[in-house]
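Note sheet for the following structure.
Letters are used for the chains, namely A, B, C and D, taken in the order the chains are written, and counting of residues starts over at 1 for each.
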Amino acid sequence: MARVGVFVCFCGANIADYVDVPQVVEEVKRIKEVKYAVEYKYMCSDPGQGMIRDAIVQHKLTSIVVAACSPRMHEKTFRKALSDAGMNPYLLEVANIREHSSWVHQKDKKAATDKAMDLCRMAVAKSIANEQLHEISVPVTKRALVIGGGIAGIQAALDIADARIPVVLVEKSPSIGGKMAQLDETFPTLDCSQCILTPKMVDVASHPYIELIPYAEVLELQGFVGNYKVKIKKKASYVNFKTCTGCGACWQKCPVKVPNEYNLGLDKRKAIYTPFPQAVPNKPVIDAEHCTMLTKGKCGICAKVCLPGAIDYQMQDEIIEREIGAVVVATGYDMWDPKPYEEYGVGRFKDIITSLEFERMVSANGPTNGVPVRPSDGKVPKNVVFIKCVGSRDEAKGIEYCSKICCMYTTKHTILLHHKVHDSHAYVFYMDIRAAGKGYEEFVKKAQVDTAATYLRGRVSKIYKKGDKLMVRGEDAQIGQVVEVEADLVVLATAVSAPKDNPELARLLGISYDKYGYMSEAHPKLRPVETAKAGIFLAGCTQAPKDIPETVSQASACAAKVCGLFAGDTMKKDPMVSTINNEYCSGCQNCVNVCPYGAIVTDEVPVGHGSKDLRTVAKINEGVCQGCGSCVAICRSMAINLAGFTDPQIINEIVSI
Amino acid sequence: MSVEIFVTDKAGLQKFYEAIMANHETYAPVETFGKFDFKRVARLTECDPESPVAKTRSIKPLFFPRTSRVMKYIATSAGTDVSETDEDPLAVKRVILGAKHCDARALQVLDKVYNWDYIDTDYQKRRENTVIISTRCDKADTHCFCTSLDYDVENLDAMDVLIVNGADGKIYIRAKTEKGAGLLNSEVTRHASPVTEESATPELKKQYDAFAASFRLRMDYAEVNAKLSKIFDTPEFENVSGNCVSCNTCAFVCPTCHCFKISDEKVKDAGVRYKSYDSCNNGYFTLMAGGHNPRPAKYRRWRQRAMHKFVYYKERFGENLCVGCGKCTISCPVNISIFEVVNQVAQ
Amino acid sequence: METEVKDQLVSIEKPELVAPPNWEPVIMGILCNWCSYAGSDLTGTSRIQYPPNIRIIRVPCSSRVDPWFLIKSLQTTADGVLVSGCHPGDCHYISGNYYARRRFLVTKKLLNFVGFHENRVQFSWVSAAEGPKFAKVVNKVTEDIKKLGPLHLYKKENFEKK
Amino acid sequence: MNYTKQIQEIAAKLFAEGKIDVFVGYRMNGFDDNQVPVLISGPQDISKLVFTDKSVFNLVNYLKTDHTRRKRVGLVVKGCDSRSLNLMLTESQVKRENLYVVGICCEGVVDDDGQRMQNCVECMVPDAVVYDELLGETLSGSQTLTGSKPYIVNVDIAALAEKPLTERAAYFEEVFESCIRCNACRHSCPLCYCAKCCIDQETATLYNGANTTSAAFHALMTWSLHLAGRCVDCRNCEKACPSHLPLHLLHKQNESVIFKNFQEHLAGVNPGDRGAFYKYSMQDPDDFIM
């Protein structure tokens, strides 16, 4: 026979002003199973919890109902109070009479009181069906997977590895480094991007705890927090990295020329190539799409010149598997394609370039050796127009959000232009200048003075060609007039967009993503680096546009989370998981089919007591189960129940009012 | 009791029925979804007392309802109050029209078990307060075998008023009990004229002979009873139950099956305890707490049903728990005929 | 007399049954823990007022909602049911609400087919941020069900004489 | 439609080759021209087997009984029956290697009164979709497999949907009131194979044990929702119902909603397809949700 104790909270005036608490207590006392009911000013306070502890012992209570604020607020607090009194913490039920009654029915005390009574009755009825539950402990594989080798992935990998936890770093392209390796200088300090990044890249390659797998993709992730199994596809590079010395003879002799991705197609690379001179690992790969040996079977020069004989045209994609315990997703971002801006003549006029193209031009190791030139005639531009918010903050053509970094990098670009072409003049069309960040506003101010750039607040409406110049027409909103600027070169500050592969990756990892394709964090404020799936974390622009310092902070935060997860040999897990009653299970395996986590497998059990005949039933892997209850609702024979939300509990609630 | 026999014609009989409906709570076969159920009626047009025997449900539910409330209770911290249910008023006099002979006979069989070690007062009150008017069939249905069983169909006294269709559109109405005589005295006299037993008997006999001659199924049940009691372990039960789908329909439509289950429905602090039909063909019928089930296999349940009908009940009460109505065969989705099967097993 | 008859609230499915005076419907609200329950908490925290007829049950996910919860609610306490979950794509459990959405549609249509007014069971997507939307939804559902009158179909005995 | 000879030959061959332990087919019921299922365990009874347009019952139902579990079974399936067999296979209730399936290209069967059954008139998949041997000429209706044949809405559903709400409510109240809760529908359904049906379980019975109208409503609604997207419209349930209830209404209603809204195939047509409730599409209708 259940003995329920009910504790009704005043919450100061929050509940007591709108609900007749003593009346609720009187009503609850009428329920047969309720052996003790009392009201108190603040149940969550120490004396309030003390009352619960004392009553449990004194009245031999078998379950507890606290009628107070939302269970999302204080369920944990009260569970602890039960634990302290030696009672199983899961025998607690919370009746939410504050958020669901007193605060939303402030004008009708009687109705609020009636509703509070009903909510208490429901909680009492549910608590009668509550069962003792015990936290589940799961063993942990102490190895982390980092997806993406940009600055976020590099930082996370290094931080985790420094804690002597093995890391598998998977990078899609032949070299790590990511977008940061393409940058010239970084705002607001103008230090050389390569100079601060490449040492870290080398650290990754040489770190004893990091296994670097470049030119590879994640194919499949199975398992659950602490116990994942990942399948990685290592794309065929046709170069044996073990024997290759990275001498470079092969790519120097290769006759096939291909647009160079690293320089955004501003120059050419070979069909066998290293993406850039400082690449890590500094070993070439063959571009199978363009190599004539692989496409037509003719050439083979690289193999001839390779002294160590590292070239292997027969190489196949390789699938490798690793057991890991946690995942850091750091897939970075894509530059938004400004094609929809037809009125700017994007695609038609060669002298309109994107910001990253400009970045490559002014970079010392870039295609033009650090001098910005007009793609049309190779002349050095004098008047350069920078247009901000191309794609960003534009619901009609682009994306709604602010890309966050464009204001700062455009400022940097005006400075770089000023440095490289002393007699140049920069015009900047902008909507706002957003320079929140340490040293950012100062940087912008100083740049405006130093470069004497002309800042025009307004949108550009049209760009047209006049002779070999580009005429940029826009509005200067501050004087309310249409202005036209004659430009040699136009640089579009294109938006940051989510990597196009993100949705596919999210699906295979089992995490969610937002409408733009960015990975979704578990909580926008309080859990910004975790995903809703335990053991998967987010670093850098894969979650939202970020600058380098923020990306690095988040990467380090991920590392801290991973280290925290791996602190013990086992992990504790909420016991609200599904359980299967073998007797009722008919083995139809529909649950196996709908489980989003692959937490259900099949098992063989004897048909009857002591029978040798076996039949198939479903089996829940407690470590994987997240407790959604999908399987419970689709199980026709009601063989599955979800601890904490069992059918009897919910039906008790339904019929109790 | 002096035997009272009246004779009338079709119109007179209808007026008699209408008079009963006007003055009594009357139940008669009403067509629902292609079969006839006994329901409360107020006008003759609503019902068909001459409903075909094959399509008519038994009158058992009027005495042993498919579900009834045993008690009600309210449980609060102040204690538990148990109260009688306000189950359908048992004291009201009822009349049933158009009952079939087999259905009426079934009540005689059921009386035995209801008056055995425990006397079911609800059942008794319903029996006492009900007058059953039964029309003798003119022709047997494909699955009827009442004449093969251990009771005298011709002189059956299970009904209170017997109606027989004579020759030339004459209809004989005969009281079989005091209750029936009372009803006839008050209702029939205006619509029928009394005749003597001597003049009516040849007509009744003639009608019965024609009826008895129309049976397709005939057998000697004394022999079957004797044989069945000795062959509990025959594997034949496994064979004959092969195509049974354990659907329970036979038990639910049977006029003599009387197994029930007890269930509680408790909501909030009030509960009701129900008594509802159950069937021994259900796999969990004999399932005990702890998981043991003495009749897990279908053939065992099947055997139980057959043996209970023709052996155990006979041993205990001297009668078969079967009235030969054929309802189970008609309702069976795979047409298993209890007649056929029992014969087959016994041979 | 005529106006009196007009003012009487009747059960839409059984017009011969008149609602008792001052009748108030009971609405069973089954909310998913991560979005709608959090959203309803936000409604409270923001002190947005809504009618007091709803009784809220917390479930982990809308996919936990077995159609028989709806049937059971309608057969016992409730005159109407509201089930609310995360917006498509936002499910805390990845795909739960997609499965739920299919079941809900079929259940709703089936209930309507056997004689329940379609507004007796309603569904909504309310995110954790949509406190005002939750209030709006409850307002609408309550209003709808008040118009339908008390539910009398297939009620369990203990709830017939409410 | 008469395949008596072929089926007898096949059964004889199977027994002779030792391929099966039991053959499930039809025989005459012995008193009129209707047929009943028969389980034959040896060649001596083969002459009993018949197959005509009176072979109504869905024999797949017998695959869930003690008589056939863990045995090698030969059986005869019509179009609808084969779809339920497909679901049984998908839901791992029977092993394909234990079965020898004689598929029929079914021209439709008739009820006791010789009337063509309604589900046959409206049949969209007359050919057996899973078989080891197919008897008869393929009927054009099998184009449904590729979706080229339009979905046929049940006439009763269409008629009822036209009626006002109160009339529908009253009609179904009579239906559920007439239910005596014998559960014959469940037992005769090939897809109701659960070890213990949900409505017999303690959780359910605690609130639902009585044979009241409300309990019948609950039981039948739950049952039809458990068969939603799985029901193959063989009408075994309706044949078994001693109250002659129009149970197909519930199933066809669900089927039509599923077909219309989720563009699903008919239940059991595609091997491996578990039915509409066990998958989803991002494009499912959302307009009924606030």
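Basically, a contact is a pair of C-beta atoms (placed from the backbone, for glycine too) under 8 Å apart; a residue touches a chain by one contact, two chains touch by 3 or more.
As the structure is a prediction and not an experimental result, all values here were calculated from the model.
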Is the C-beta contact count larger for B-D or for A-D?
B-D
Chain centroid nearest the full-protein CA centroid:
C
For chain B versus chain D, what separation do you get between their C-alpha means, in angstrom?
33
State, to the nearest whole Å, the distance from the C-alpha centre of chain A to the C-alpha centre of chain D.
48
Just how far, in Å, is the C-alpha centre of chain B from the one of chain A?
72
Distance between chain centroids, defined by C-alpha means - chain A, chain C (Å):
35
Could you list which residues of chain D touch at least two other chains?
196, 206-207, 212, 277-278
Chain A: which residues touch two or more other chains?
583, 594, 634, 647, 651, 655-657
Could you list which residues of chain B touch at least two other chains?
265, 267-268, 272
Just say which it is for the chain contacts: an open line, a closed ring, a star, complete, or other.
complete
Which part of chain D faces chain B closely enough to touch in the complex?
29-32, 34, 36-39, 57, 61-62, 65-67, 174-175, 178, 180-184, 187-188, 196, 200, 205-212, 236, 239-246
Chain A to chain B touching residues, read off their complex:
29-32, 34, 121, 583, 609, 655-657
Give every residue of chain D touching chain C within the complex, in rising order.
157, 160-161, 165-166, 168-173, 176, 207, 212-214, 217-218, 221-222, 224-225, 228-229, 249-250, 253-254, 257-258, 261-262, 276-278, 280-282, 284-286, 288-290
Mind listing the chain C positions that touch chain B in their complex?
76, 156-159
Along chain C, where are the residues that touch chain A in the complex?
26, 28, 33, 37-38, 40-41, 43-45, 47-50, 52, 55-61, 63-66, 69, 72-73, 76-78, 89-96, 99-100, 103, 135
